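Handing you a structure now.
Chains: A, B, C, D, E and F, in written order; residue numbering restarts at 1 for each.
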Amino acid sequence: MFFHKQELQFTASPSKPDAVYARRLQEVLGGQYGEISVAMQYGFQAWNSHKPGKYRDLLFGIGAEEFGHVEMLAIMIAQLLEKAPVEQSEAAMAADPVLGAVIGGTDVQAAIVAGAGARPVDSNGNPWQGSYVTASGNLLADFTANANAEMQGRVQAARLYNMTDDKGVRDLLSFLIARDTMHQNQWLAAVAELQAEGTETLPVPSNFPINQEHREFSYEYINFSDGKTAAEGSWASGPTPDGKGEFSYRDGPETSVPMPPPTQPDPRFFGTDAKPNLVDKATGVIKDKLSTK
Amino acid sequence: MFFHKQELQFTASPSKPDAVYARRLQEVLGGQYGEISVAMQYGFQAWNSHKPGKYRDLLFGIGAEEFGHVEMLAIMIAQLLEKAPVEQSEAAMAADPVLGAVIGGTDVQAAIVAGAGARPVDSNGNPWQGSYVTASGNLLADFTANANAEMQGRVQAARLYNMTDDKGVRDLLSFLIARDTMHQNQWLAAVAELQAEGTETLPVPSNFPINQEHREFSYEYINFSDGKTAAEGSWASGPTPDGKGEFSYRDGPETSVPMPPPTQPDPRFFGTDAKPNLVDKATGVIKDKLSTK
Amino acid sequence: MFFHKQELQFTASPSKPDAVYARRLQEVLGGQYGEISVAMQYGFQAWNSHKPGKYRDLLFGIGAEEFGHVEMLAIMIAQLLEKAPVEQSEAAMAADPVLGAVIGGTDVQAAIVAGAGARPVDSNGNPWQGSYVTASGNLLADFTANANAEMQGRVQAARLYNMTDDKGVRDLLSFLIARDTMHQNQWLAAVAELQAEGTETLPVPSNFPINQEHREFSYEYINFSDGKTAAEGSWASGPTPDGKGEFSYRDGPETSVPMPPPTQPDPRFFGTDAKPNLVDKATGVIKDKLSTK
Amino acid sequence: MFFHKQELQFTASPSKPDAVYARRLQEVLGGQYGEISVAMQYGFQAWNSHKPGKYRDLLFGIGAEEFGHVEMLAIMIAQLLEKAPVEQSEAAMAADPVLGAVIGGTDVQAAIVAGAGARPVDSNGNPWQGSYVTASGNLLADFTANANAEMQGRVQAARLYNMTDDKGVRDLLSFLIARDTMHQNQWLAAVAELQAEGTETLPVPSNFPINQEHREFSYEYINFSDGKTAAEGSWASGPTPDGKGEFSYRDGPETSVPMPPPTQPDPRFFGTDAKPNLVDKATGVIKDKLSTK
Amino acid sequence: MFFHKQELQFTASPSKPDAVYARRLQEVLGGQYGEISVAMQYGFQAWNSHKPGKYRDLLFGIGAEEFGHVEMLAIMIAQLLEKAPVEQSEAAMAADPVLGAVIGGTDVQAAIVAGAGARPVDSNGNPWQGSYVTASGNLLADFTANANAEMQGRVQAARLYNMTDDKGVRDLLSFLIARDTMHQNQWLAAVAELQAEGTETLPVPSNFPINQEHREFSYEYINFSDGKTAAEGSWASGPTPDGKGEFSYRDGPETSVPMPPPTQPDPRFFGTDAKPNLVDKATGVIKDKLSTK
Amino acid sequence: MFFHKQELQFTASPSKPDAVYARRLQEVLGGQYGEISVAMQYGFQAWNSHKPGKYRDLLFGIGAEEFGHVEMLAIMIAQLLEKAPVEQSEAAMAADPVLGAVIGGTDVQAAIVAGAGARPVDSNGNPWQGSYVTASGNLLADFTANANAEMQGRVQAARLYNMTDDKGVRDLLSFLIARDTMHQNQWLAAVAELQAEGTETLPVPSNFPINQEHREFSYEYINFSDGKTAAEGSWASGPTPDGKGEFSYRDGPETSVPMPPPTQPDPRFFGTDAKPNLVDKATGVIKDKLSTK
């Protein structure tokens, strides 16, 4: 269950409205790595969790905070849009270059559809979608997804910080960036803890039977490009991070196999190679549906 | 530039057609974490790269291999579909329970749209989309995204391995799982190397100025749920993975701020609270467009 | 801010797993009129609200309950999937008709992608998307959207009730249907209250100036089909619901205007009618970019 | 069957081209509540109708008019785009601030993809999609959806009216706004008529058996937020709009149930909690696929 | 303007309901090459047309017929769904293998969302979308798109014909296939006529200035694969279809250029290569925003 | 298999950065008819091919070149974005009209999400999607789709050529336009060759039995609009392009059939016309689930 309190975790008011910036801020609200994504992602990982205890509690504990961040950003955006211009004719823009600049930079749907309100979309107006959520049921994989989400989110917030000089907006971003620092660290700590206690180890999933894997390809870097320095990294020689092998390097594939011949599906799919002798030229009737050779 | 060779990196032929399984295999071809995703993701990270040398070479070297995996899976799926049933009427299903089972489990568009062919979609028929690709320009964040992609991909391939007993399909999956092991290790090695050489460190992005972050919130776990064990993990006390702080724990937020008052946009957006005295009741004309209070 | 409690508003456990039904239940979790939609919709309406007080409090009060319903359904679905079959080969289905029936009816991504978990998608696997949310800033319009959402949701839950005889699932649906009854009534009460107090009246938006509307078309039913009974309803004669007019009926449009002539954009858009005399036949150079006639 | 006549219901020509406004007008053509949506929605409701007579005739009668509105807007947009600028280089914009303003505000695909033509997309370029259509087979629910669509559409048209001072565009909008007034009234009249004749009543669906609903939750407002005025509305006390109950108010849920324990799916889904004793540590083989506890 | 008549162009009733087939038939209603696509495509091409007369009349003339085909298929699908099963529990399927087969093969949203009705989606439940429409303003290109749409549509209808033995369904498909034959022929005739009268010729667009094209690459087949027979076709030697050149063949590219060096954007994008000397190590402040080298 | 070489087929560097134009160029990279679409389309057609030899070799031979074009455009876009502005506040735009113009015209996600990098999206930021790909298994249909794709692509490139005066960008476009000329010609040559050798002829699919088609409708133009010149084209009289009939012309449909009566699905779908006598008014229980009439 979720309970709502009409307070915010941190101040979320701009110094003054800025409809152009409101559009940009939509990215960290409704974009691929926005707050809706992490709130939903941690929620689904918790609801699908196969283990009670600290990992699930962690997911619930951070997830509920992120729903509050969704709220903070939505409210901030509504305030940034408070003076969104209504008159947007070409004539008005000709008379006022700043207005012209503003028009081009705003989200027109924020005005027409939402009446100067926030929306569950990214900075290009693409609606948020459920496919942004990763919840596989394997915690080491999912916590790595979470660490990535917090990294991408912090990179975006850092970029947004430099796109405004509004003190109120920057103050909120300084707060959110700090929380991204925290959560980035937490998911990496959880990744380490899963491995340390042996609950899950590398490679993920660690309980897939080794004898069902073609191990001769498991630690060999096969370089399909012609980059000269590809062999210099720690990914081409030395021990592997999973502690179970040694990297080796090969310049392109050693062996290959011929392509299998083209398929011959039932002629009633009317592919190009449906054998003509199967069709009675006079009547057009397909004579034999089974023989395709 | 890409050059194509009409050979495959590994055998990709099933023991016998299986249209039901063909649909399942679409997930690792055209799903969120399928081969199209990683091929495109490594490509865009390379094309947007800001550093010449080993990291870009690595992206190109693995990326080109993944385009070949797209091809292997597409060809495997076409073969699995080679005997896809045409007659799919309810009557036919009543007569043949196996056919009925088959019908429900196949991708109907593989038959109707592609004539028993592979398609750039996932196992539910959702088209592959560009938003599956992550390429932020920050290599530590992006390599973490890559590690996650290889982990999710390996989890899915492992599940698919147990959904068939076809020797040919399992053989290909054993190969792909091995490559996922390799690439998972490689991206983690690259993540470690970036940090070891100081090119990028945690938290990502590491060059965001510390004094622009509200540091008092950077290492504090604020638990917004009531999970009793939330404080037990290594994410609630002790040193943080970025080596720059100490985790602390707090049960819910210490302070909060009141919500800002609702916004009052221009009355010509016709929101509910457009002040009625602004409108001349007789004529309906809005008298003053600027004053909203 | 949102706070999470690890309890549920109502029991949400099935009598036994049923992976086929789990897929169906996804509709009221992640479909167009599922719980994610209403939770988000009420949230965005509240965050964009232009009036403090009872209407905004109502949005927050119901919205937070709906986030808890998202959780109840996700957890129910995870339990329904707990025994989701892994072996799904055609051979296995041939041996077990029930398995075959099951396979065709389940969401394959629930198995391959989520490892027997709930996902933010509908019953056909389409990801939930932000465009399901309506929040225009006009409360009478938006509360009508909310009433519709609760009606559609109750219709779907009622259908789902009859697709299972699992006591636990039916118990949860009986609860959710009751809440849909309540919320349907509440939004209709709020629609009535807005009108009774004159905050907003019909037609929506009520403060659009009457003299800017072509009133001669505001209450005339122009029938563009040939249905004989079209004129019999209360929508073709008598007073209008907004209390401002009288319905009249017309069989097709009285007058019409000719289509404007086709457009002639700049020839450098290379439309078919770019006048050939503008292009120097010998050199292919476009001679005059401005004259298009 | 549909028959087309090369005339328009009303004049649809701008006083002069305005490529910036053309983009805005796309919202009421191809947006969520644009003319394509209502034309298709009324069509599908009619085609799926379970009752012959006046309600189906009404759907056909309005639906066909809306297809004509699609045409009027498409033609208007093509004319607004007739002088869409071709040269859009940064240098050109530097030389001409108005051009710069124009560039940012136009739909670039209208130029590049359509050669100065209308497209089935909204004002942000999102393609129109079938999920905008609601057609449940329950007329009271669907007519409420229609009333909402006409309300949202009229709100958007009213906003668009104030974004231009072009006489021709405003003239068309004055006409469309009048038709929205009419159709808004018609659907509300139809909603009332359905109830008056007892064909369908509240709550929707009215024929869901009362004894299958947890009636103790059907009229109780459970406030999950802390808004002080939540209890003041007509939705918290007094008779309910469906005439079947009395509203009551409760501050938060009275009772709750503990979360069910996490699920334990088949270990071959490789979730984190796949019990380790099931896997032979030496060989990696999963020993027992059935026992998961 | 469109006028609706409550009659159909051809009989559209099945011999008996078949919910499994209803799902398949959705493909030619709401799929990429379904009737909604061609109806909308011909409409937008007409509305954007730059030439009055026969070509635009042709677009209107066929377009309006296609809207009627949308209706025929929607009505057919509603009838096929008339006996769609409600009880869909696993137990019910175990008791009745045919029901099990049926369940897996139907569109669950047709039942849950539409109450046994047609929907604007394809056979996998993907909503129809505006991006299926092609309308570039260049008639030769667009008529080629139309010919392709009618070809793909006829292929799909032909496949669907063999997936049922219902006399009523086959009768409708025989009619639609005949219309596809007609329209396929018409668009090809129009393509030929455009060229014969010199309105537009190959290559499209024919009025792009020849001297702005790198003609040395305009007729050379550069083979980037190793297929031995690639040079045997009429596309590798002899005159070109546009009548303006001679095909030549080359095995791979003759020359190539080195990749440009990686980009160095502003360090405030926090890319990996943001030069460290720009950042004050102690304070983290970025010292110089402009120098990136 | 694909092999990558770190060279380009042609120079792909702009004379100077231009972030506004970078957005436009995304259309031919990640739009419906961009390079990703053709690369993937030719790939899937080859992988699904039912014939070995020259046609499949052609698909592979061109397809691999197109993947290289994806790379050229991505790299060009990254360079165009190299000086993408960071500071984008309203104040900054007021001070610098050119900056204002630039801001409105750029893709904000290129900055916020990609850090000045290319992305797999179109010029409006819509992600590339698998539904852009056509691969039906019928080569004559698919090669027509390919010809259309190259035509649309060349039209777009020609328009983009006139939207910039940057020498480097124009040089690359001159090259790509030349390749579009070539590939347009090649697919048309292949279409002709398929027909000349009788592998596939018109109408597509040519092997659908003639006696299963309602031939009386196969060559008759039925004009559903009132365009006076509709009968003048070569599509209304004379021999048909498939060489199998004669066009005839009819002004509207000759005959029609009445609409079938509305459907009566199971009352448990709770449609409006679920007969009331089936429901016990007192208890609300549905008495008889089977009788719906």
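As a working rule, a contact is a pair of C-beta atoms (placed from the backbone, for glycine too) under 8 Å apart; a residue touches a chain by one contact, two chains touch by 3 or more.
Just so we're on the same page, UniProt names per chain: A, B, C, D, E, F = Manganese catalase family protein.
No experiment lies behind these values; they were computed from the predicted model shown.
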Chains contacting each of chain A and chain F, listed by label: B, C, D, E
Inter-centroid spacing, chain C versus chain A (mean Cα positions, whole Å): 24
Chain centre separation (chain C, chain F; CA means) in Å: 27
Shared interface positions of chain C, touching two or more other chains: 1-9, 32, 48, 55-56, 60-61, 63-64, 68, 75, 78, 86, 97, 100-101, 103-105, 111, 113, 115-116, 121, 124-127, 129, 131, 136-138, 140, 155-156, 158-159, 162, 205, 208, 212, 224-225, 227, 253, 256, 263-265, 268-271
Category of the chain touch graph - line, ring, star, complete, other: complete
Of chain B, residues touching chain C in the complex: 18-21, 23-24, 27, 31-33, 97-98, 100-105, 122-126, 155-156, 159-160, 162-166, 224-227, 252-253, 256, 261-265, 267, 269-274, 276, 279, 283-286
Chain A-facing residues of chain B, complex: 5-13, 32, 53-58, 60-65, 68, 75, 78-79, 81-86, 111, 115-116, 126, 129, 131-132, 134, 136, 138, 140-141, 144-145, 147-148, 151-152, 154-156, 158, 161, 170, 174-175, 177-182, 184-190, 192-193, 202-205, 208, 212-225, 227-230, 232-235, 240-242, 245, 247, 253, 256-260, 263-266, 268-271, 289
Chain F-facing residues of chain D, complex: 1-6, 48-52, 55-56, 86-91, 93-94, 97, 99-101, 103-105, 107-109, 111-113, 115, 121, 124-127, 137-140, 194, 198-200, 205, 207-212
Residues of chain F defined as touching chain B within the complex: 1-9, 30, 36, 40, 43-44, 47-48, 60-61, 63-64, 67-68, 70-71, 74-75, 78, 113-121, 127-131, 133, 135-138
Residue numbers on chain D that touch chain B, as the complex places them: 155, 158-159, 162, 268-270
